[in-house]
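Which chain is which? They are A, B, C and D, in the order written, and residues in each are numbered from 1.
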Amino acid sequence: MSKGSDEGGHVDFTPDELMTVAASRALRNDDVCFVGIGAPSEACNLARLTHAPDIVLIYESGTLQTRPDVLPLSIGDGELCETALTTVPVVEMFQYWLQGGRISKGFLGGAQIDRFANINTTVIGDYDAPKVRLPGGGGAPEIAGSCHEVLITARHSARTLVDTVDFVTSLGHGSGPGDREAAGLTTAGPVLVVTDLCLLEPDPETRELVVTSLHPGVDRDQVVTATGWEVRFADELATTPPPTAEELQVLRDLHARTEQAHAGG
Amino acid sequence: MAEFVSLRDAVARYVHDGDTVAMEGFTHLIPFAAAHEIIRQRRRNLTLIRMTPDLVYDQLIGAGCARKLVFSWGGNPGVGSLHRLRDAVERGWPAPLELEEHSHAAMAAAYHAGAAGLPFATLRGYAGSDLRRVNPNIASVTCPFTGEVLAAVPAHRPDVGIVHAQRADRAGNVLVEGIVGVQKETVLASTRSIVTVEEIVDDLAAPSPNSVVLPAWAIDAVAVAPRGATPSYAHGYYERDNAFYIAWDEISRDREQFEAWLGEHVLSAGPTGAPV
Amino acid sequence: MAEFVSLRDAVARYVHDGDTVAMEGFTHLIPFAAAHEIIRQRRRNLTLIRMTPDLVYDQLIGAGCARKLVFSWGGNPGVGSLHRLRDAVERGWPAPLELEEHSHAAMAAAYHAGAAGLPFATLRGYAGSDLRRVNPNIASVTCPFTGEVLAAVPAHRPDVGIVHAQRADRAGNVLVEGIVGVQKETVLASTRSIVTVEEIVDDLAAPSPNSVVLPAWAIDAVAVAPRGATPSYAHGYYERDNAFYIAWDEISRDREQFEAWLGEHVLSAGPTGAPV
Amino acid sequence: MSKGSDEGGHVDFTPDELMTVAASRALRNDDVCFVGIGAPSEACNLARLTHAPDIVLIYESGTLQTRPDVLPLSIGDGELCETALTTVPVVEMFQYWLQGGRISKGFLGGAQIDRFANINTTVIGDYDAPKVRLPGGGGAPEIAGSCHEVLITARHSARTLVDTVDFVTSLGHGSGPGDREAAGLTTAGPVLVVTDLCLLEPDPETRELVVTSLHPGVDRDQVVTATGWEVRFADELATTPPPTAEELQVLRDLHARTEQAHAGG
């Protein structure tokens, strides 16, 4: 599915584009969303520019209700402040807005996501002798705890969707039912993982991630091969609706504006 | 009470080998000029505190100034890894780097507690996170009214806090605007403080009665450092050099290439900012 | 999400008998119009939280709305006593008033904790003060790192928070300017919130990127109440009526005189603020 | 000493004026002063308008480094905000500026002040059945604890300067040496009490307030009669220098401006 090619009369799109579009659809017009940089930021701004014009986007740099015209490279690009309703100190952001329980959705990525949607952004390998030292938790451990619900997005591979994360940076569903509550949390935790192959949702009973929708053109084997545990499929397995022409256009325009803006020195 | 000094004198006077140093600026207003002066003056064994180490600490670490890093997110924002940080942690080059790792929420709370003269901060945090397991400075505290158990971290109390800001007036009062991060907390939590500014003006021209102003009597040194946050940015003055952030990935990936860059752009460069 | 409603509807919908109500505004922007509407709607058994009860709670207490007062300084600023408050405490008129008494530092910390979703606040406070002896809601907490013992108070979590502000835009976002007190904390700490404003405008015209703005999605009701802070003041709109504060001493000293004033100026006055 | 009358060629003044002038002299040009309303505010602004032009005045309403042209009636008059360097939230004021240890001098009054400079602003009589319900602590308990030093000013009478306060709202020196330290404090506490009759300072050994200076025209008996304990006098008892013509002029101008400003409706 290369961008621009034609396939059976449909608008054509890349797996990454579908992933972003599918993630954007999980956001509602009345959401207040704590946005991570990269894929989450893309999805959130796509939602804002399509079906959720009133969605409130918050970046941990303190920018409240921001409407960037281009995607920020960092969590604190000038664009975010200039288009925000207001910009608050970082202490206030984490204490009043996140910890205060004012955020409906947190949107996270991760280097490893396991079958219970626990997220690792700290190390691959042993903490004290890491194979790869990753950037770390940043805002994620408390986004995972304090937002009413969490969305996750990641490219699907057996290195990323693993049976057990090497390090729990941010708690998903622990090792099953009751673990969030035992950790003192009352929030829902991860409700959806969007990859470039499918959608996964926690099983209501076991909390294990289950494939609930395959993206167009993806088959079960592809998902099984790319997943680090014996992944289950929902009884009623859906097919993700492809991106609409409008969604693709808005997303591509956003990327074009962004590339132009960041090319400058 | 703020004294106007050159950046060279400010670093010479207030930053000592072995100090705990916090250089803040959340993506915005990162005090690069001050960091480069610390590298030029070859400070060693620093404990560096910063929420997002960013390129500024990647450079200090690669230059061998740091012994320990207290942080919460150590990446090149939107680009990838900090290669000098990784080289220090994964392979001990140029020196091993001890890590004390927190979350943003905890770091912010620790600065808040430091500025507020408290020994520790309480937060709803780290629930179920392995960070608790690897960082002994994450403890618990019990609410005396409800019995709830919450996370606690020690307050940040750096020896020196360094921030960059838009401007100072002639009395040494400083205006910070835009993404204000934890700059105020950093100055107030620190025993000594250095503020670099884009310019000194007759009138701060604070736009609102509630503008973020650091009074002169809460600061030790004010040093002029035009474009002192580059490649970060200064709201109202210049934009973020996103292209340099992207280029840094290549520059910093290789030890020799990094050292060549450091030699050319930091060590043999003159100090930014003239005496007043 | 903020809805524009009349002040009458806002109070009818969100303030119930027996509620814990915080009406804040530190000398500035005191929500008098809202308080008068509460008196007109004859709410009873309220627990009133406010750092400085001021004339606004003197009136609510004298009108018989309150069962309990949580406060830190209960005087007529620069003038003397609050006679209705004293009459309730000293002689139980019109009803006995239970007191929970704090210091300003503790009240501010309790609002901060409430807004931050914490069950309690820690402070260096009450050292050697008898307030600890008479208020069981002043406890201790021990720093898990240093062993220091500090004071702790429960977070404020009012059922309703009511504040007055300069203006709202048509989406319901609110600008607060000048002495901003604990207004933001009050709105964020409360389960429900009402904000009265001088006017609704097309553009908030916030002067700075860091202006104090309450987003519409953090507020339940916005009601227009022009001069709704009188005899307090609204920075940029009108000045404090210091002469009325002085006159209140005489008006409030005597029960009948107070009731006559209340009848004429509150009970038989129409509600301030029209539906939008 | 009625205002305006002549007495031996000196500039004439009232006891209240002398009290304010003497209090103002205790402030230094490099002080950062947390100012209570009323007499403390008068003294602090007089100092600023005379010998301490750079003194930083802070009111608990959040106004940092304010320069009011008229005396505020309340702690949060518009004048304070309009002439301030900046105005911060009240939470920040108490947490960062006061508790953070940034204030050199706190200036307090009180309904009762006892021989160890403990202050009562809460109740006369029993707390649960008060004879007089006073306004309460306000900022004072933590001003008394967190400022490096505390100044106190009050009119001298045996009802105000008492042997033991009915209620310790704000700790002075407790019941003697070591009590502040036992309460967890490292600050100096009250270093000076200025009344309309004299100056009192804590004895370095016992911490009991001792008269160290008599105001002009005041004799020891007046002070003894007006003090609620057997007050001691320092061996080297000074006489307070009378107000200068400039001090009086500035103070009277300040009062005149203030009365005019507050008379309006």
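Convention: a residue touches a chain if its C-beta (ideal position, glycine included) is under 8 Å from a C-beta of that chain, and two chains touch if they have at least 3 such contacts.
Because the structure is a prediction, the values reported are computed rather than measured.
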Which of A-C and A-B has more C-beta pairs touching across its chains: A-B
Rounded Å distance, chain B centre to chain D centre (Cα mean): 41
Where chain A and chain B are represented by their mean Cα positions, the distance between them in whole Å: 29
Chain centre separation in whole Å, for chain D relative to chain A (CA means): 58
Where chain A touches two or more other chains at once, by residue number: 81-82, 87, 95, 99, 146
Residues within chain C bordering two or more other chains: 112, 117-118, 123-124, 148, 178, 180, 184-185, 206, 209-212, 235
Pairs of chains found to touch, sorted by chain label: A-B, A-C, B-C, B-D, C-D
Touching residues (chain side chain D, partner chain C) in the complex: 37-38, 60-63, 72-78, 80-82, 87, 89-91, 93-95, 98-99, 118, 122, 127-128, 130, 132-142, 144-146, 167-171, 174, 179-180, 183-185, 261-265
Contact footprint of chain A on chain B as seen in their complex: 26-28, 51-52, 71-75, 77-79, 81-82, 85-86, 89-90, 101-105, 108-109, 111-112, 123-131, 134, 148-149, 178-182, 184-185, 212, 233, 235, 239-246
Of chain C, residues touching chain B in the complex: 117-120, 122-124, 137, 139-146, 148, 150, 152, 154, 177-178, 180, 206-212, 235
Footprint of chain A on chain C - complex, ascending: 1, 112, 115-118, 173, 184-185, 188, 206, 209-213, 215, 217-218
In the complex, chain A residues that touch chain C: 30, 32, 56, 64-65, 81-82, 84-88, 95-96, 99-102, 146
